[in-house]
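Below, each structure is written out as structure tokens.
First chain A sits with chain B, and in the next complex the same chain sits with chain C.
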Partner chain A sequence: MSADIDTLSDFSSGNDGARRFARWLAGFALHGGSILAFAALLIFFSITAPFFFTLGNIGNVLGQSAILGVLAIGLTIVIIGGGANVVKGGIDLSLAANLGLSAAVYATLVSTGHGDGVAIAGALLTGGLIGLVNAIAIVIFGIVPLLATLAVMNVVAGLELVLTQNTVVSAASDFLSVLSNYGPFDIPVLAYVLIIFTIIAAGIVQYTPLGLRLYAVGAFPEAARAAGLPVKRIVASSYIASGLCGGLSGILSVSYLSGSTTGAGEMLLPVVVTALLSVVFSRRLVPTIGGTLLSTLLVGFLTNGFQLLNISSTLVSGIQGILILLVVAATSLQRGKGVA
Partner chain B sequence: MSEIKDSALAIGRRNLLKAGLAAGATLAVANAGLLGTSSGAAAAEEEIPSLKGKRIAISATGTDHHFDLTAYNAQIDEVKKLGGEPIAVDAQRNDTKLVSQLQTLIAQRPDALVQLLGTLTVVDPWLKRAKDAKIPVFTIDVGTPNSLNNTTSDNWRIGSDLALQLVSDIGGAGNIVVFNGFYGVVPCAIRYDQLKAVIKYYPDVKIIEPELRDVIPNTVQDAFSQITAILNKYPEKGSIKAIWSAWDIPQLGATQALVAAGRTEISTYGVDGSPEVLQLVRDPNSPAAGNAAQQPEEIGRTAIRNVARYLAGQKLPRETYVPALIANKKNIEEVTKTLRLG
Partner chain C sequence: MSVFANPDRRLFTPQFIGQVLLRYAVIAALAGVFAFFSFATTTFLTSANLTSILVNNFTLLAIVAVAMTFAVSAGGIDLSVGTSVDFASFAFVSLVLAGYPVGLAILAALVSGALVGLFNALLISGVGITPFLATLGTLFIGRSSQQLLTNGGNPVYLPQTGISPLFLFIGHGHILGIPVPLIIVGLLIVITSIVLLRTRFGRAILAIGVQQSVARYSGLRVPGHIGLVYVISGFIAAIAGIILTSTVSVYIPNSGGAFMLNAIGATFIGTTLSREGRPNIPGTMLGVLLLSIVANGLLLTGLSFYWQQVGTGLLIFIVLAASFLNRRGRGD
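What follows is the complex of A and B.
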């Protein structure tokens, strides 16, 4: 419950030396430890798993992570802008359903004879509209994001059922086959898409005044309002950006699966987990775009390495669960809560 | 072997049914042809080539249904038994995961790849990529030109056997309710077409229009409410004789609805041999009257044996049919024994 990470924590209470040390240790262990663990994991797989450390395999993992990565980056933007409190902060539960509906719109448009241009516009418009509805519900009606996006998620999932009759809509087009193919150096095109998208998103969120305002609004909404920042507009934009990420991931998913398929909703928990894990990859333990990419790739490499080592992939979700427990425990410790 | 014995029984029943029908000759011819195709499984006693030193990739769409799980485990066991190394991955019915796993499997360059089930349009591009990468591709229940051999149940025979059981049970006359929601899925379409082919020669058997549409998910609850509604529409006993569905999860819901409404004079029929439905068939008071039970263990084993045969240079047929067993109130004990469910 107390997974909100704010930079204030260093100043709040706790003169007790032992407690301060525990917090310092937790922060250090969490950030340094997770980077080290990631590196150790890559080295371990490189030594033990055949094919692991090859350009082709790393490219495959990047490509396989593209859909999850784009969605998780969308969620990260919302978490940055809404604050990281899991209950009251920014969250977009409609993202996975958004992926499903956007993919269904794209596949339906292509399979009914429309061009890729129309289909791309249709998918992005669908995603953007879902983001807009979220934004209106949260900013204008003041509904808690957790509930607002939960309701929107159900509406969107219902619309997908109406559109596809819960069936697979196959789609084939020139653009889709380019996306699902291999690019330079025999690396999947989706891998390039993920890298370029991450660079653009990170550029905007981490290095522009707009990004700084987003962090300000999320971490200190009162201060941001006092400083004259358009808090509501910035929060609304974060949901629209997240919706557009849903639309984009829908397009990627259609290319990857040669159509739209049912069961997109299952992506929700992995997306939330990935975005939450991203904090351990930033020095100040805040969500960042780069951190989200690393956390997406961590899961991707784990799954891939396990398959190459012929270990059951069901273990991956168990390891993910342990990681989250560690993250939440360590961030609680770092904030000085959760220790008696 | 018991499946052969069973098919002999089935023919006996068929001939009885056909006795009064001039048109029966057509079916008899078809039947003879089908018997020919099922001989592959009967030849299980032959020497199977070793898979020593071979890495066999097994990709399953999911293992949450009895059929998948049994076929998946049977494949892994058979690869080990023949001395090979299985690389088995289960996508847990998640298509994105399925494609990622196939992509990584292709990069692993196994000696052969076996795909168990899957939506054709999703898996086929990746099976083609595996084929292009010179990996021999095999399938279970996936008909695609990119696979060297597809092991599957004989759905024509399943369809006609089940239809004949139904027609025989209702005495060749009466209204039947049909779930036909998945005509787009090839095995379901074949089974439905076989039902129509059989009742064509029984003019007193009528399918109630409109046909019902079974759905996924919530199949059981949905079938329950649809059947409850149609029972209200046909309240008189005898106005409906039987309920047919192309798989057995709607049969489960339909059977429960009949029990709840006290209309156990109506019989239900379905396909797949799900253990919970076979349990109902065993219960003498349950309306579940017939179920075409596939043999997932035999199917998984056969697919791997085909891989071994191919890698040893033997020629394979395009499709290998594994016979299904029609379970009814009389032979249920024997069928469950054969399926090792008992």
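What follows is the complex of A and C.
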């Protein structure tokens, strides 16, 4: 609705070559540049930090990125199905709290003597239920996603505190030690989990009719409804899928930290950044699962490279901030929009 | 839908009462919560406690929520309000510690908050980044720079003695028996309500918030107005930073972020009060009051701190669900 008005204004304000040049430059920088920048970053760290470009280190980065990656993929699914408008479109702020509660449920079940099967089911059920509550709030009650998931985030974070009394519940089991160990080629099992999960998610979202419908609903809900798509059901399932990603990341986090964590809420902003950055790695500037994997790795390699170079970790958050701004500035210049 | 279409000609049918409750979900929730805590605890309904709610729970959140209301009124959001609070607090403490007069320190604090807003304004109006992402970026950069400024996040304490009485007066003083922070909030509410409702600038902001493209075609300078909104938002949040600092005499890096989510919650709870679902200062204040009463009341019931968070979250959820259900029922 506002999109065609914006196009109109593009014609009316198509006054100078400078703006067109800026758009071309931004487009070039985004399409080729993001991959080039990623490559340049890898080369820079390889030269400056001797251990950086070793199979072991890359495997470690992949393993450390698994939790962030799974969460970011969940958020990407919601953003695809809800549209890019962050306030009115799709967003799931409850993901980090979801990770915390699912991890707490898993750790509590294991530490009270339940088997891995029960604990896995418990964690996934927790994540799925949180997703279901989000879906009901958004689709049935009609609450704006930003607010609905904000409220759910508070409740979930509170429930986690109630369950763990704000302590770390440690957990050990056979399944957990398999997950936290090293697999073939001395690469952490978590790295394999991330790659396999990405392939499955990308397969569903990028290559099935269901995925196509998800994009259709996110891009233009009215058109999707007119075309006979069950818009509500698809949006609802995107939140349930995201909740399940939260549950899965909870399991991964228990294996990575040998227990539950009290600081899960800190993950929220990195997850949002990672999912939003994914658009840069796609040619049409839309969120994709593969793009999310790349942006997860970008954030992971940045953090890791800084650690190897002994640069203070306090800088990482600032650099993430600058990164978002650069990317989004380039994106909005490329799209030629004014104040959005 | 309306009362007059009621075939029974009876006013208080269950449906009608239901509609009224939904329409005024916030007020109903406020009354319900107030009544509940008055009966559930012996300490809630005392003048000392009610004053404490206003001074300890209400003030700071109210100020930050007013800042947020400006950004949301213009159709945006300001995730970096906490950054403005922190930067103002840091500037205030640093200057007071270095021996500058308190008046100058206050001025510096307000300017610091407004500068954070100016940074947002440049990103949003200048570069064209959406407010959510621009202020998210500012939040991240602010977090890092505070850690750099404080050697990795060490609090900056003021000495217990030798501080100017004016400094303590802002946080602890009384005028005619009314705590100074409350007077500041009261003035702020009045001024910002007048600015939003009765001035050309305020109406322009509300128009931009409703339909930006229409505002642009009616000849409003949209980027300039929007930019100014974020500077104002940063400036107002800085007031909270000043009061916070003079109350506790310490600057704790990245502590302002705690207000952000509650301010968003209060602002959007407040939108339910308006027929069109628009943000408004009185609604926001009711939202802040609701959150403050719940926080205080749950504390008095002796419920564990952890259950308090669950309770607050559930209550916000229910209020939002009720008001959005109602809006949907009216076909908006």
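One rule holds in what follows: the second predicted complex is superposed on the first by the 317 of 340 C-alpha atoms of A that agree within 3 Å, B and C clash if a C-alpha of one lies under 4 Å from a C-alpha of the other, contacts with A are read in each partner's own complex, and residues count from 1 in each chain.
FYI, a contact is a pair of C-beta atoms (placed from the backbone, for glycine too) under 8 Å apart; a residue touches a chain by one contact, two chains touch by 3 or more.
Values in this document were obtained by computation on a predicted structure and should not be read as measured data.
Q: Mind checking chain B and chain C on superposed chain A, clash or fit?
A: Overlaying the two structures gives chain B and chain C room side by side.
Q: Kindly classify A:166 by the partners it touches after superposition: chain B alone (first), chain C alone (second), both, or neither?
A: It touches chain B and chain C both.
Q: With the two structures laid over each other on chain A, which partner does A:111 touch: chain B (first), chain C (second), both, or neither?
A: A:111: touches no partner chain.
Q: Of the two partner chains, chain B (first) and chain C (second), which one does A:152 touch, if any: first, second, both, or neither?
A: second
Q: In the overlay of the two complexes, what angle sits at the CA centre of chain A between those of chain B and chain C, given in steps of 10 degrees?
A: 70
Q: One more residue to check, A:180. First (chain B), second (chain C), both or neither?
A: In the superposed model, A:180 contacts chain B only, not chain C.
Q: Where does A:308 make contact in the superposed view: on chain B (first), on chain C (second), on both, or on neither?
A: first
Q: Could you say whether A:328 touches chain B, chain C, both of them, or neither, answering first, second, both or neither?
A: Touch partner of A:328: chain C, not chain B.
Q: For the three-chain arrangement built by superposition, which of chain B and chain C touches the greater number of chain A residues?
A: C
Q: So, does A:258 touch the first partner chain B, the second partner chain C, both, or neither?
A: first
Q: Just checking: does A:206 make contact with chain B only, chain C only, both, or neither of them? Give me first, second, both or neither.
A: neither
Q: With both complexes overlaid on chain A, what's the closest CA-to-CA approach of chain B to chain C, in Å?
A: 5
Q: Kindly list the residues of chain A that each of chain B and chain C touches, one partner per complex.
A: Residues common to the chain A contacts of chain C and of chain B are 166, 314, listed in rising order.
Q: Which part of chain A faces chain C closely enough to touch in the complex?
A: 2, 5-6, 9, 86-87, 137, 141-144, 146-148, 150-159, 161-162, 165-166, 269, 272-273, 276, 312, 314-322, 324-325, 328-329, 332-333, 337-340
Q: Name, in rising order, each residue of chain B that touches chain A in their complex.
A: 85, 87, 89-90, 92-97, 99-101, 103-105, 107-108, 119, 121-122, 124-125, 184, 215-216
Q: Can you check the complex and tell me which residues of chain A touch chain B?
A: Chain A reaches chain B through residues 50-51, 54, 56-57, 60, 63-64, 67, 166-168, 170, 180, 188, 253, 256-259, 261, 263, 266-267, 303-304, 307-308, 310, 313-314.
Q: For chain C, which residues count as touching chain A in their complex?
A: Touch residues, chain C against chain A: 76-77, 123-125, 127-130, 132-134, 136-145, 147-148, 152-153, 212-213, 216, 222-223, 226, 261, 264-265, 268, 304-314, 316-317, 320-321, 324-325, 327-328.
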